[in-house]
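For reference, the structure I am asking about is given below.
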Amino acid sequence: MTPPDDAVRAVEALLFAAAEPLSVDSIRAYVGGVDVRAALAQLERDYAGRGIALVRRGERWHFETAADLAHLLRRDRDEVRRLSRAGIEVLAIIAYHEPVTRAEIEAIRGVATAKGTLDVLMETGWVRPAGRRELPGRPLLYATTPDFLTHFGLSSRRDLPGIDDLRAAGLLDPVDLALEEALEVAKAADSD
Amino acid sequence: MTPPDDAVRAVEALLFAAAEPLSVDSIRAYVGGVDVRAALAQLERDYAGRGIALVRRGERWHFETAADLAHLLRRDRDEVRRLSRAGIEVLAIIAYHEPVTRAEIEAIRGVATAKGTLDVLMETGWVRPAGRRELPGRPLLYATTPDFLTHFGLSSRRDLPGIDDLRAAGLLDPVDLALEEALEVAKAADSD
Amino acid sequence: MAEPEQLTLDLEGWEGPLDLLLSLARAQKVDLRKLSILALVEQYLAFIRQRQTLQLEVAADYLVMAAWLAYLKSALLLPRVADDEEPDPEELALRLQLRLERLAAMREAGARLMARDRLGRDVFPRAAPEGLRTIRHAQWRAEIYDLIAAYGRVSARTRPVMHVVADREVMTLEAALARVARLVGMTLDWATLESFLPDGSGRLRKSALASSFLAALELAKQGRVELRQQAPFAPLLLRAVR
């Protein structure tokens, strides 16, 4: 940059530190008897093509970031996030039962499902709305997306292990426990 | 000004728009694969002698108005917190000795330091707890923050006024150490 | 000697005895390294004595310092006795001097720090920066195991009743009632109960036989069928009532 004179430097500093655009009069009130307009003109030339621009809005002047660089002022950051327990349960129910309404999901889970849970699943891109059930109130249906299959490495929903597979893998153990308990109770009642 | 290249413009716009000083790493996170240090060096040259200056405070960079224009811009309302005499003294002791325990601060001042003094310093954001000294009782250590450097216009702690002279004169050493040295010197002089 | 105007100062004006000593030392207007500790001690003691004769309250730590300085003064004035028990008075004086130098150094450093061009007072950042934004993109992750384990968990919680029922082949009483009532009207002659049963495996047949027997009794009670059996365990015959 050309070394600026005192008037240019003063106006430059003032506009930089100002909380809002300043009129020529208010600039003059700070910097005293200098040619404010000449200083502004010089600054406009100095900053032409730089990352900062001197701009005039109505009768007021201020510095702002060059318009073509606005995209730099934001940074995108990827964050790995994991689904909550409720989220993964609802996703599993949709995958196994699709298309399925929220009421049906709740009936299967045995727990009320927060709206937010379905919103999060739609945000993941793994669940999509899939029409409406022809019932009173026409409830929305949910189904999985192709992204769902891709993410979980499935070629189709039929690849999901069935109930028998789950049982064989011990994933239904809690049921067996419940059943055994029931039998124990029945036996005890018999022996009375 | 010399028309700047894209990297310089990007770093310029970013520092201009940032609400606080930025480290080289965080600048890079926004502007991507450019030579940030070279751009900063170029900007420092571009702005030399202007009404705005690019300054380094610790590891962080920001633009501020030129110091010699303070008389035009100075605001002495309550924007800058006024520290008590004790507060100033404790801040100086922490800055020149850090990290330092409260007992060490009190040894220099010869008086117990009110809890409020350290609280106020921490509230200003200029002082922070900095771990514990491995001594009986594991006393808390205090040190200055990057905001301290920013506020007082220091590039690093090595810029603290007179710190080199104080260190050379042994005035940053504890009294016990200084006493031993003084006695050694006296003994050596005697034996001459 | 203490200057008269200092006597009017309140003790509260000092940050403790060391601060007062430093103020008195400054009044000697010499480099702290060339300070006369003896003169300083005398000034301090005179100051404290003055306060006491004015019957003003003097804080305990000032009095403790006064006592220590009185001891130091006498030690400095009296001829040295070679005695390892007693600390060397010169060393005590030196220590006091070192402490004063350090406090003075920090006080001066603090003043220089405060006098710097300070951000927000002398130099200014942009008052209204556009600000930088970080847009966070969530990358959702879940494993297939999590998915099927979740389904197992849900099933475990809610499915037991369903799967017990599905596993057993039964004919309910309602079904038997309907079936028997329908079939019995299609023939005029006596027919065995077994001829009303659906085709099927052993388990279903047993269930159907039991249900159909109960259905036959129910229909007889309603007066819609007649029952006949020649002998115990003989085939049970039924016929619609005309």
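Read from first to last, the chains carry the letters A, B and C; within each, the first residue is number 1.
Please note the rule applied: contacts are C-beta pairs under 8 Å (C-beta built on N, C-alpha and C of every residue); 3 or more make two chains touch, one makes a residue touch a chain.
Model, not experiment: these values are computed from the prediction.
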Chain whose Cα centroid lies nearest the overall Cα centroid: C
Chain of greatest Cα-centre distance to chain C: B
Centre-of-Cα separation between chain C and chain A, whole angstrom: 26
Rounded Å distance, chain A centre to chain B centre (Cα mean): 38
Distance between chain centroids, defined by C-alpha means - chain B, chain C (Å): 33
Chain C, residues touching no fewer than two other chains: 124-126, 130-132
For chain B, residues that touch 2 or more chains besides their own: 14, 16-17, 30, 63, 65-66, 73
Parts of chain A lying in touch with chain B, wherever the complex brings them together: 1-4, 8-14, 16-17, 30-31, 46-47, 49-52, 63, 65-66, 69, 72-73, 75
Contacting residues of chain C [partner chain A, same complex]: 124-128, 130-144, 146-160, 163-164
Chain B partner contacts - residues on chain C that touch it in the complex: 15-19, 61, 91, 94-95, 98-99, 101-103, 105-114, 116-126, 129-132
Parts of chain B lying in touch with chain C, wherever the complex brings them together: 14, 16-19, 30, 62-67, 70, 73-76, 79-80, 83, 85-86, 88-89, 91-93, 95-96, 108-111, 150-154, 160-163, 166, 169, 171, 175, 178-179, 182-183
